[in-house]
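Below are two complexes that have subunit A in common, paired first with subunit B and then with subunit C.
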Partner chain A sequence: MGRRKKRLITLAGLALLILVIWWAQANLNSYTLRILNLAAINIICAMSLNLLFGFTGQFSLGHAGFMAVGAYVTGLLILPEAAKANIFILDPLTWPFTVLSAPFLVALLAGGAVAALIAVVIGFPVLRLRGDYLGIATLGFAEIVRVLANNLTTVTNGALGLKDIPPISNLWWTVGGAVIAYAVIKRIITSSYGRAFMAIRENEVAAEAMGVSLVYYKTLSFAVSAFFAGVGGGLMASLLTTINPRTFVFMLTFNILIMVVVGGLGSLTGSIVAGLILTVIMEALRPLESPMVIFGRYIPGIPGMRMVIFAIILLIAILFLKQGIFGQRELDLDAMAGLYRKARARLASGQKESGV
Partner chain B sequence: MNLQMFLQNLANGVSLGTLYALIACGYTMVYGILRLINFAHGEIFMLGAYFIYYNILLFALPWWLAFLIAVGATGLVGVAVDWIAYKPLRDAPRISALISAIGVSFFVQNLGLVVFGGRPKPFPVPAFFSQMVNVGGVRIMSLTFFIPILAIVLFLILSFLIYRTKPGLAMRAISKDIETARLMAVDINKTIAFTFAIGSILAAAGGAMWAMRYPQINPMMGTMPGLKAFIAAVLGGIGSIPGAMLGGLLIGLLEIMFVAFLPALSGYRDALSFIVLILILLVRPSGFLGEKGEEKV
Partner chain C sequence: MGILQAEQITMQFGGLTAVKDFCLDLKQGELAGLIGPNGAGKTTIFNMITGFYKPTSGRIYFGGRDITGLRPDKVVGLGIARTFQNIRLLANLSVLDNVMIGRHLHLSKHTTFVEGVLRLPRYRREEESMYDQAIRLLKAVGLEDVKGEKAGSLPYGQQRRLEIARALATTPQLLLLDEPAAGMNPNETKDLIEFIARIRDEFDLTILLIEHDMKVVMGVCERILVLDHGITISEGTPEVVQNDEKVITAYLGVDVDDVAAQ
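The block that comes next holds the complex of A and B.
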């Protein structure tokens, strides 16, 4: 497919997306909008983890930590000064944070930037570890962030967390963020950087022998991944309007990891599809926990039932889709063009056969 | 801090440490054989405690019988988990099995919430374990001494199983090289089931003692001890049983001593083991007693 044609189709797709968001924002109820927003945020985080794990092969369980960093930075920057005074009752907020404030976009970028900076600092020593050891070290990082959030009461307000964060996140921000994250990550993985990442994934020793600097590329991948996780966390803070350390337990990392693996490691399309499906399923199962009447019999809500069913769905999905939904395949414009050509060829040959 | 308080903390640290070590053995054995972080292990530990609770409360069994039956039942659950969630994924990418383990963990935890209820339940501690013993002017619960003793007995049995019996030989063979072990007519699936059974039995024993130590149980009780025990296993060198014991003891002692010496920082207790782990891994990437992996192209 030619470059011009591709650009045209992309622009058309974006225009369509803008129309859809415009329609959704005006017509859908707040519950549906919330689910869609959550899905978009999950997709951002899943794609960023996929860059690190699926494309660079670095097993990280630290995503909740980066999301927490982004969420707290964004939250502190967009909270109005008066609200801050209301929230920090037990221990007053320390000085620079009381006066610092920024518009949402700047706050999001700052959240991502701080997360990326932390990724560089901890990545430098930690990324020497391999495989599961790296996973456990990054899991440790996320837990340390959570414990810090619990204890640094003059910055994070401890276990009470931040509340009344201005609800600025809407579909324009979340889906817009997802589109930008997709574009940036896609751009990275189709460039020479992406080939270096994938070389590291396939074989570190061989990649190094070919002149790929392990430290540089691993840290870069880690930082970009952390940046988008931080932005996702910031969007989440503004969507939920309340964040506390319990929001970022390692269950959150697991949820993101599940989306990446169920979608397919090394497939951005997979992360998008799985992020959307799993978020919707999680929400769709919510009624299971509220009281209901089945065949005239009243059944009280059973807490925990939702996650039981979710776990069963997850187990079935992973037992039958061992490579995830998409494997390493992508469903981008080139792939679609390929499918279209194949379908047309099959149709043509079918017509010929039936014609004879 | 006087000597008596120090000794009391030491006793507490050792008993907590041996508990971590018991759970860590299950992680390290499964990892050694399948290269799988069995995230469901903490939930097995929780089930062990609940089985005893119901054996005592519903069937009014004497505690030692309740203990034995519960430990056996938990062993069977461990085998069942392997059979349902891990066995079909033996040839799949390793990450699939990990996600499956997380799924099992979600499932058991929330099934516990549904079946047992979310409210913590007081655990009936047999009088035999709850009496106070006076040691050099310090009053310590007798359980604090029984935990390390029972743990040592279990370790001895485990070492005998692994280093002196045929199934143990098969386990060691598989953890060295699964393909070669298969060629040498080692029944892989049976041996793995055996591993899960032993790991789960140790976890259940740990769960029982944990429940008596903090005499209440809830469906989420397995998460943190499971995580800490896993850290202990990694710290000691994953795949190594003596390493798991060493790591468990170290983490338990560190946690208790940290809170004892720096009570102002007690909020950071849960982060401590992770910080130690990261620092140790940077110096010794495969833990204290772990085997160095070779790199090949």
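The block that comes next holds the complex of A and C.
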């Protein structure tokens, strides 16, 4: 497919997306909007984890930690001064956080930047580890962030967390963020630098022998991944308007990891599809936890029931789609053009055979 | 002075001495061979030269510069490329990508990550020249037709050639080949001998190779070093090495009667 044609289709797609968002913001109820916003945020985080795990081959369980960092930074920057005074009752907020404030966009970028900076600092020692050990070390990092959030009361307000965060997040921000994240990560992985990431995933020894510095590129991938996780966390803070250390428990990392695996390690579009589907399924299963009558018998609500069903759905998905929905393939314009050509060829040959 | 000097390099793993006091002076443009029974320490020497192991003692100089203990990616940057005994391709990436990764270290010298993401002109120029050079290399090794295939799906002989092409992509001055003929049939081996001689001239290389196939070693190498239990037991032209008692003993062992007679 030609470059101009591709660009045209991309622009048309974006225009369509803008129309859909515009319509959705005006017509959908707040519950549906909340789910769509959550899906977009999950997609951002899943794509960023995919860059690290699916493309660079570094198993990380620290995403909730980076999201927490982004969420707290963004939250503190967009909370009005008066609100801060109201929230921090037990221990007053320390200077300079009392006076620091920024517009939402700057706050989001700052959240991402701080997360990326922390990734660079902890990446230096931690990224020497491989496989499961790296997973455990990054999980440890996420727990440290949570414990700090619980105890650094003069910055995070401890277990009470931040509340009354201005609800600025809407589909424009979340879907916009997802589109930008997709564009940036896509460009990274299709560049020579992305090839270096994938070389590390395929064979560390060979990559190093070809002049790819393992320390540098692993840290780079880790930092970019943390940046988008931080931005996702910031969007989430403004969407939920209340954040506390319990928001960023291991379950959050786990959910995102599942989206990456179900979508396909090494497939960005897979992360998008899986992020959307799984977020919706998680919500759709909610009625299972309310009291119901089955075959005339009254069954009280069982909290956590939807997780049981969710786990079963996952088991089935992994059993039948070992490499996730897309494997390492992408469902981008080139792939769609290929499918379209194939379908037309099949249609044409079918017509010939039936003599029409 | 030669291009590579190894001065009494020794590698110990705990109590085991894998290589002891190995010395080597490679001249520019030379094609030398390293042979010896299994476990003699040949690959360990490669690993020390390319930075995967840091020698326990001794020093290595490349082009007059001390490279002892330098990280592997730095060593490649200076101009020493290698292949592996057990092929290490990027199996899920295309043949073309496998060669292009060898050019990345040159690209990253002239452009930055941010330029790459934004596809700024300087990055695009570098990427284009990277692509052209990769294609030229693939043509040189006869793999242009399969450039879109996954590297892991190639037949064995082609995988070996792809690994050499990838090493060449880093524009080395010194190429280390670790058993390039392993697993090849006689026909493929014959092609390989011609291929190695050809790339040395075409790319102006100095080559050091490890090989068990004596046809290859005797066919292309101008100088041979024989290693046994980490010690260099013989060195010289193929004829000299072939007739060296110590070499024959190392490979074939000693007749019990001879030992008794002594």
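Here is the rule we use: the second predicted complex is superposed on the first by the 347 of 356 C-alpha atoms of A that agree within 3 Å, B and C clash if a C-alpha of one lies under 4 Å from a C-alpha of the other, contacts with A are read in each partner's own complex, and residues count from 1 in each chain.
To be clear about the criterion, a residue touches a chain if its C-beta (ideal position, glycine included) is under 8 Å from a C-beta of that chain, and two chains touch if they have at least 3 such contacts.
Computed from a predicted model, the values in this text were never measured in an experiment.
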With subunit A superposed, do subunit B and subunit C clash or fit?
-> fit
Looking at the overlay, does A:150 come into contact with subunit B only (first), subunit C only (second), both, or neither?
-> first
Could you say whether A:297 touches subunit B, subunit C, both of them, or neither, answering first, second, both or neither?
-> neither
Rounded to the nearest 10 degrees, the Cα-centre angle subunit B-subunit A-subunit C in the superposed arrangement comes to 80
When the two structures are overlaid on chain A, which partner does A:205 contact: first (subunit B), second (subunit C), both, or neither?
-> both
Report the partner of subunit A that touches more of its residues: subunit B or subunit C.
-> B
After superposition on the shared chain, which partner residues are touched by A:4: those of subunit B (first), subunit C (second), both, or neither?
-> neither
Which superposed partner A:261 touches (first subunit B, second subunit C, both, neither) = first
First, second, both or neither for A:192, with subunit B first and subunit C second = second
Looking at the overlay, does A:133 come into contact with subunit B only (first), subunit C only (second), both, or neither?
-> first
Of the two partner chains, subunit B (first) and subunit C (second), which one does A:213 touch, if any: first, second, both, or neither?
-> second
Closest pair of CA atoms, one in subunit B and one in subunit C, after superposing: how far apart in Å?
-> 5
Overlap of the subunit B and subunit C footprints on subunit A, listed as residue numbers | 203, 205-206, 209
Spell out the part of subunit A that touches subunit C in their complex, as residue ranges.
-> 184, 187-188, 191-193, 195-196, 198-199, 202-203, 205-214, 220, 328
Complex interface listing, subunit C residues touching subunit A = 50, 52, 71-73, 76-77, 81-82, 84, 88-93, 97, 100-105, 107-108, 113, 116-119, 123, 126-127, 130, 166, 169-170
Residues of subunit B that touch subunit A when the two form their complex | 31, 35, 37, 84-85, 88-89, 92-93, 95-96, 99-100, 102-104, 106-107, 109-114, 118, 219, 227, 230-231, 234, 238, 267-268, 270-271, 274-275, 277-278, 281-282, 285-286, 293, 295-297
Partner subunit B, residues of subunit A touching it in the complex = 59, 125-126, 128-130, 132-133, 135-137, 139-141, 143-144, 147-148, 150-151, 203-206, 209, 254, 257-258, 261-262, 265, 302-308, 310-312, 314-315, 318-319, 322-323
